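Each in structure tokens, the structures are laid out below.
Next come two complexes, and both contain subunit A; in the first it sits with subunit B, in the second with subunit C.
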Partner chain A sequence: MPSRALRLGLVVVLAGAMVLPFVVTNFRLFQCAQVFIYAIALLGLNILIGYNGQFSLGHSAFYALGAYTTAIMIDQWSVPYGWTIPVAGLLCLIAGFLFGIPALRLEGLYLALATFALALAVPQILKYFEHWTGGSQGIVLSKPAAPKGVPLNPDQWLYFLTLFVLLVLLVLARNLLAGRTGRAIVAIRDNPIAAQAMGVNTALYKSLTFGVSAAYTGIAGALSALVIAFVAPDAFDVFLSITFLSGIVIGGLASISGAIFGALFIQFVPNWAQDISKAAPWAIYGVFLIGFMYVMPRGIAGAVRLGAARWWRRRAEPS
Partner chain B sequence: MDILIQQVVSGLATGGIYGSVALALVMIYEATDIVNFAQGQMAVVSTYIAWSLLNAGAPYWAAFLATLAISFVGGLLLERIVIRPVEGAPVLTVVIVCIGLLVILNSVLGWIYSYIQKPFPSPFPDRPIRIGNVYFGAHDVGALAITVLVLVALYAFFRFTTLGLAMRAAAQNPASSRLCGIRVGWMLAIGWGLASLIGAVAGMMVAPIVTLDPNMMAGILIYAFASATLGGFTSPGGAVLGGLIVGVIENLVGTYVHFIGTELKLTVALAVILIVLLVRPSGLFGRAAVHRV
Partner chain C sequence: MTPSSEPILAVRDLTIRFGGIVALDSVGFDVADGQIVALIGPNGAGKTTLFNCLSRLYTPDRGDVLFAGRSILGLGPHRIAELGVGRTFQNLALFPTLTVLQNVMIGLHSKTRSDFLSNALRLPWVGREERAIRAEAMELLDFLDLETVAGHPAAGLPFGTLKRVELGRALAGHPRLLLVDEPAGGLNHEEVATLGKLIKTIRDSRRVTILLVEHHMGLVMPISDKVVVLDFGRKIAEGTPAEVQRNPDVIRAYLGIDEGMTR
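Presenting the complex of A and B:
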């Protein structure tokens, strides 16, 4: 697809996103902020699974780490919330990097299990350190208000904050993946031995990718603590990890736009399912999951790319 | 000492159940390279079928056998109807379809039978078996015996029958098998049927211990996953042995290490497995993956 059309589309979407907070209800804005947050987390997971080929069922752990970093810093030390977001990201970067080192020895399923164990352990560990985390009761925060002089209510402000963070991280991810580093990351997925022969330090790149991926997810977790204004251990169980995984596969592996499609899916489809059938909403959700995979085995982003390419070819052909 | 033996035996009994589910996982993984997240939920469906048959007044062993037959056909049909359309798709796509299947089965069961826990009968007497000073629960011993019986039958099937040989061939080298006239697609379907049958046995053996509800297998699937990884995802015998090891570790840790208790024992069991994995990345008995360069 020509980049001019793509750019035009992006500008239209962005303009829409700027106007949206002034036309819809606060609850819808809250949902949109959630979508942006999920998109950040999915972007991080997609860098790891889609681009680098390392499986993780443990990203709920990093999401929790980010959320609790923010919550504890605000709750215990009254740090201004703006500072907690980079700290959460940095902490998850380090944690992810360190976790990535032993993970180097594990492949495929075995890595999936190691990360799965991490995800399972997190709620229990959070309950164990009750003094800091408030145990199963969790920590209640207050929704941050807009800075003085900005005429926005808290929901509008959080909408713009999450949108801003998402855009920054999207651009960073795009630049990271488009360059030399990105090629190395993808080369490791496609053929680790060949990559090594070309002089890529696979061990370093794999652990670093793990760290970056964890940092994205941690930032998402930090933002979610602010938007929901509440953290509790049971919100970060292994099902969150599975939700993330379905999000990136539905959205489209190894594609940046896939993160946004996936986030829309995991935020809104459960609600629709609830509307369709009160008795068995999850059955409807499951049907949606399977249906999407039948119709678009490469995710929504893959289907969109295919559709756009087809449309463009037809237009380009002389009739 | 007596307590130790008792704990080991009851650990072996639950371990046998983890091992059966792990075996079902390994069978599907060996044949198709996918981990069937819906395996546990399929076992719960089978157990509810058994419950319904028993409630309709069927004698236990008749219901047991009928459930096995229904589960086999059900597993076979699921592969043909749900999994086959995504046969050539990327592995993660199939995994998501399995997750979708899990969610659907769970929700539909809750809808039909409600989420209230139901007692499930054991075919074995209530009276414990006494050997020396040690008492064993009859159900523990019986469940272990049935698990072993299923394993031996399965081993014999794969080792001594033509169909078993064909299934192994289809898993190992689909292209060559197809050239020999083996219908590879159907072999996969039969694999799903057998896995579903093994799951049904595990479900019916575990239901008297944990009582029956739609989420019964969620915890057990996690242990089974751990067992299969510990034993090696490429080794059926290893998966079962892995299950037994996990069962015993879990029980002993819960009994003897007090600050851990029942709350953290899952975490500890998983930590032990992780340490094993770091030393042997393909599990205790698995083949190391060899890549063609």
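Presenting the complex of A and C:
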């Protein structure tokens, strides 16, 4: 029964998501597209941290790599934007895999520091290659319009595009994590020695997981370049990495739906904080962060799961 | 013993040092196919060190380990399972956040082949493989009386139950040789007797050769075909349980009776 209720809930949410672009303002649609993009990035980071137990403060670097791949391909070579998204993903897959190999020697806080270094370095590297990246000025793109014959404005079109990519990547992640590979990924987090004794090639799995995680985040970066129609190095500093990190913790570690909850949080809560206090929005945001962690120690996804289980139990009890 | 058949496991002249300490000193013995062999000795005798050499967590300084006639020292630790060597751990090394069923399903990792891409795309053969993994794991849970806890996370179950889960996980890889590290630790008298029966059943019905590290003589003596005794990293005796029990070196080293009393 609960799984049928879950399916019904999903259908309702999806139907709502299909109708939404025709009832709200373009600015709201832009914000929704941002949520979808963040959800993709958080999904990637959660596969790495939540499921595999490898830490990263460097995912802003992969987000930047994805965004700049798209921006440079469009700006320099006029590549159709649709092609730049898989290229950004592939490039980040390779970059993440390669970074994951030396990272094998680093555990916990040391890995956090190494990835922190990556996050620090990338904005400056972007400024250095000014010819390609436009330096501090960045690259201005034009918002892609809907394909000919599709009666949608650019914001509506990007809303559906980002939603589509998110849904595809959600399904792929769910499949990956539900199977043999997913069990091995979690086994490495829980007990690497035992995982090895079961025949899991821990080095390969950890590097590949790093690559997959970076690919997700890179695709998110590529989509953000399209939606914002602008890339600049300072948007991809280490603060973005920490925002992602807080997103997966608030949303729910090792949970796929947690990526969506976390994305909603990092998109909207800073705005609310701004509305509450113009003078100290980050102080308000901080209170929200601590409050959420205190009330929902297993993230929003964990709280939702717990609440749903209680509700079902109460319904099942004869009154 | 049938001397004509090749031993499934041959340990030859195994020596390993940690700093100045010789943890294993020229240890050698054979395990014949289908036997239950026990490795006993006082604490710190080198039993677990030897196990870790067999599962390639440690690399010995000298000597060799042959499985079915082939040296395993050139292989990485994750390659041992696919050869047909399973193991359990002294202090339990389960995956605590995964369910009992999932723990046993991971035991089939070395026997299955779906990977990142085929799992993500859920290709048709992956679905078939996944169903086969689940069915086989369920069959093992049934064999070990664990069906009722299949969906329970491994964390929070009684110790004796978790020991059986570890056995199930190790058996899932269809090992020809099962390395069992102190299975009786933390079990009461009755549980030890049941465990002894279970180990024999595993050997007989699943045709698994078993090498056992154990302190508990009540478990070792009734079920073992052969006992190897280690003390301070050296092999001091090898033989049937009866022979070993009579061996004066073993009595002195392992039980510490006569010297310990007179000193």
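Following the convention adopted for this analysis, the second predicted complex is superposed on the first by the 318 of 319 C-alpha atoms of A that agree within 3 Å, B and C clash if a C-alpha of one lies under 4 Å from a C-alpha of the other, contacts with A are read in each partner's own complex, and residues count from 1 in each chain.
We adopt the following convention: a residue touches a chain if its C-beta (ideal position, glycine included) is under 8 Å from a C-beta of that chain, and two chains touch if they have at least 3 such contacts.
It should be emphasised that the depicted structure is a prediction, and the values quoted were computed from it without experimental measurement.
J.: Judging by the criteria at the top, classify the pair subunit B and subunit C on subunit A as clash or fit.
T.: Fit.
J.: I'd like to know which partner A:Arg298 touches here: subunit B for first, subunit C for second, both or neither.
T.: Only subunit B is touched by A:Arg298; subunit C is not.
J.: Regarding the shared-chain residue A:Ile193, is it in contact with subunit B (first), subunit C (second), both, or neither?
T.: Both partners, subunit B and subunit C.
J.: May I ask for the angle at the C-alpha centre of subunit A between those of subunit B and subunit C, rounded to a multiple of 10 degrees?
T.: It is 80 degrees after superposition, to the nearest 10.
J.: Pick one for A:Arg183: touches subunit B only (first), subunit C only (second), both, or neither.
T.: Second partner only.
J.: More subunit A residues touched by subunit B or by subunit C?
T.: B
J.: Taking the superposition on A as described, I'd like to know which of subunit B and subunit C A:Asn175 touches: first, second, both or neither.
T.: A:Asn175 contacts subunit C only, not subunit B.
J.: Could you tell me if A:Ala15 is touching subunit B, subunit C, both of them or neither one (first, second, both, neither)?
T.: After superposing on A, A:Ala15 lies clear of both subunit B and subunit C.
J.: Answer with first, second, both or neither: which of subunit B and subunit C does A:Thr202 touch in the superposed model?
T.: second
J.: Go through the superposed model and pick first if A:Ala280 touches only subunit B, second if only subunit C, both, or neither.
T.: first
J.: What does the superposition give for the shortest Cα distance from subunit B to subunit C, in Å?
T.: In the combined three-chain model, subunit B comes within 6 Å of subunit C at the C-alpha level.
J.: After overlaying the two complexes on chain A, where does the subunit B footprint on subunit A coincide with the subunit C footprint?
T.: 193-194
J.: Given the complex with subunit B, which residues does subunit A contribute to the contact?
T.: Listed in rising order, the residues are 49, 102, 105-110, 112-114, 116-117, 120-121, 124-125, 127-128, 193-194, 242, 245-246, 249-250, 253, 279-283, 285-290, 293-294, 297-298.
J.: Could you list, by residue number, the parts of subunit B that touch subunit A in their complex?
T.: 29, 35, 82, 85-86, 89-90, 92-93, 95-97, 99-104, 106-108, 110-111, 222, 225-226, 229, 233, 263-264, 266-267, 270-271, 273-274, 277-278, 281-283, 289, 291, 293
J.: Along subunit A, where are the residues that touch subunit C in the complex?
T.: Against subunit C, the touching part of subunit A is residues 172-173, 175-176, 178-184, 186-187, 189-191, 193-202, 208, 212, 254.
J.: Spell out the part of subunit C that touches subunit A in their complex, as residue ranges.
T.: Per the stated touch rule, the residues are 55, 57, 76-82, 86-87, 89, 93-98, 102, 105-107, 109-110, 112, 114-116, 119-122, 126, 129-130, 133, 169, 173.
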